[in-house]
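Common to both upcoming complexes is chain A, partnered first by chain B, then by chain C.
Up next is the complex of A and B:
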């Protein structure tokens, strides 16, 4: 049994001649919460769908729980919980009937845990799915995915449409799940604060490439934003590699640098700056910098 | 249990499925209000056309197309079973519905015929069997088409296709009766398309026992063939969706 629950090798996907994913390599170790980020249309959902075998890759291979995605057996599917983007449940079913269908179609079902979730979310059993709010549908979808005690939980924008309280409940639940031995979560989200709160490891997709793939804490250490004041006007070129963004205004320069290290600091000091102060960056700031067109990779390899 | 749930899901997936069954059965009752003479009206033939040929096309409308377009397919295909199982149990769900529907229709016809003596119920058992067999072939063809066509276009295509084919067949029979190509085309329609003509003759008692058995096997083989094609297409299909 591999230590990596999700493996993506050199994944390429074209849609109508347009390259959406360009040589993605990714591994999610067992027991991790992996947050996959990216702007709209960056290919997050496509990666998930390829992983689940819902569409084929143009090139490359993907594996879930040691099984190749293009040939996932029913047994492997039974170990994966999946919450699809948009929560496309069977709309004309009553909640109770949908639950019965999913329960009867599943190989295993944790009644105690599921009932706990239903009570926590206060889901009305006698209403039709289409009559539920988006938030309630998300909660129902999540509960159904979790009830099978999945080894791997794949969540495609699971908190979209949830209010603050429900989002907090979901995040706490995700942490509960991870505390059960061997559980792994792969999730994409647009809500960066959620990712920041629970993810152990972050991946950021931009321009079809995985420009960031490292632990969250390491990402915060590696990407630095500096405000540098020079005695005279700021130089146009610092002759430094891996500059994500640079803005000059008179004597002031604001630069964002990937993989910041001693060598880069020495290069900066050769320009004899009057002052150099670090601007704190949240995950949102890093995300914005990393999704700009000329982003350089930030990985832990 | 999982097989039963999927078969039941085929019945419960849309409200109109139940409405179609009820209205179809009600039509049988209403038609008994008309004083048909026995030589004009055969209840078995009507059952064959009405429930054997028309009903499967309506019941299978969008059976996969609707799921794929709405994204519900993702709920189903990420459950622990093979895609082939999903197809087979859906088709079996339709077939089971047809079986129960035809038995009920047969009972209604028999009871009302006994009470009114309107029309004729000759070979009713054979007509019911033929109707079920032809239902299965239409349902398999329609279900396979629904994998590649959007929403409920599989039914529309079959309705238009059948109309066109019968028009073409009529033209060929009229103007090219002795032409070899016409024979080949009619042979193809007879043996590769849903075997309406063969099953009609079977129900009408025109075949010997051996021919009847061959006809039943041919019909089941066609259903299996359409089904295999559907399973292959389903396993190659990308499940792109737009939310409802």
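Up next is the complex of A and C:
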């Protein structure tokens, strides 16, 4: 049994001649919460759909729980919980009927946990799915995905449409799951504070490539935003590699650098700056910097 | 698999009710026609075949088409594929449901014919294979029409599923009138069914859900 629950090898996907994913390589180790980030249309959902075998790749291979995605057996599917973006539930079914269908088709079903979730979310069993609010649909989808005690939980923007309380409940639930040994979560979201709160490892998609793939703490250490003041006007070029962003204004220069290290520190010091202060960056700041065009890769390899 | 078949039957229960009601009406008409004094009213027998033909042309392609169209638009298979269910199982359950609907219409009718024909035919040796030939041809005809519905139904446009099955069925149906019942018809229909199912299978297995 591999230590990596999710493996993506050189994944390429074209839609109508447009390259959405351009050679993605990714591994998610067992027991991690992996936060996959990217702007709208960056290919997050496409990666998940390819992983689940819902979409064929143009090139490359993907594996879930040691099984190739294009050939996932029902048994492997039974070990994966999935909350889809937009919540693919059968809209004309009553909640109770949908639950019964999922229960009957599942190989294992944790009734106790499921009932606890239903009570927590206060989901009405007698209403049709289409009559539920978006938030309620998200809760129902999440409850169905969780009821099978999944080894791998794939969440595609799961908190979309949830109110603050429900979002908090959801995140706490995700943390609870991860505390159960061996559980892994692959998590896509636009709400970066959610990802920051629960993810161990971050991947950022931009321009069809995975420009960031490293642990969250590592990412915060590696991407530095500096305010540098020079005695005279700021130099136009620092002759430094992996500069994500650079803004000069008189003596002041604000630069964002990827993979910051001692060598780069030494290069900067050759320009004899008067002062150099670090500007703290949240995940949101890093995300914005990393999703700008021609971003340099930030990886831990 | 049983759960999937049950789900398909529940989702398309209207077709089963329709088939059962039609079958009951046809049986009633058949019995009443048989109990008429000689000479029997032949238009009644001819009239009996009309609803069957209409159902074959409209009903079964519509059922196949509806199954695939609602799946596509409501993303039912997308949900099912994320559960411990394979696409192969989804499609097999769907086809079995179609066969069950056809049998709901034809089986009671055939049983009635098997019982009634020896009672009311002239006292000569009856060709026993006749009823089975009629049943086989009608079943294969209905199944071929249903398969055309499946084939044309996997489409996000409303026009192709509605008209596609109907047009193809209208082309297929005259075959039975030209060739009559028998081995030729059975072979042609079987080939037609295999081709439709293979195409449907390939499309459903390889498409994005």
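Rule of thumb we're sticking to: the second predicted complex is superposed on the first by the 301 of 301 C-alpha atoms of A that agree within 3 Å, B and C clash if a C-alpha of one lies under 4 Å from a C-alpha of the other, contacts with A are read in each partner's own complex, and residues count from 1 in each chain.
We adopt the following convention: contacts are C-beta pairs under 8 Å (C-beta built on N, C-alpha and C of every residue); 3 or more make two chains touch, one makes a residue touch a chain.
Nothing here was measured: the structure is a model prediction, and the numbers come from that model.
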Partner chain(s) touched by A:56 [first = chain B, second = chain C, both, neither]: both
Partner chain(s) touched by A:84 [first = chain B, second = chain C, both, neither]: both
Which superposed partner A:240 touches (first chain B, second chain C, both, neither): neither
First (chain B), second (chain C), both or neither touched by A:191: neither
Which superposed partner A:75 touches (first chain B, second chain C, both, neither): both
Contacts on chain A seen with chain B and repeated with chain C across the two complexes: 49, 52, 54-56, 74-75, 77-78, 80, 82, 84, 88-92, 101-102, 104-107
Contact footprint of chain A on chain B as seen in their complex: 1-2, 4-6, 9, 12-15, 70-72, 74-82, 85, 238-241, 243-244
Chain C-touching residues of chain A, taken from the complex the two chains share: 49, 52-56, 73-75, 77-78, 80, 82, 84, 88-92, 101-102, 104-107
Residue ranges of chain A in contact with chain B within the complex: 49, 52, 54-56, 74-75, 77-78, 80, 82, 84, 86, 88-93, 97, 100-102, 104-107, 130
Complex contacts: residues of chain C adjacent to chain A: 3-4, 7, 74-76, 78-86, 89, 206, 208-209
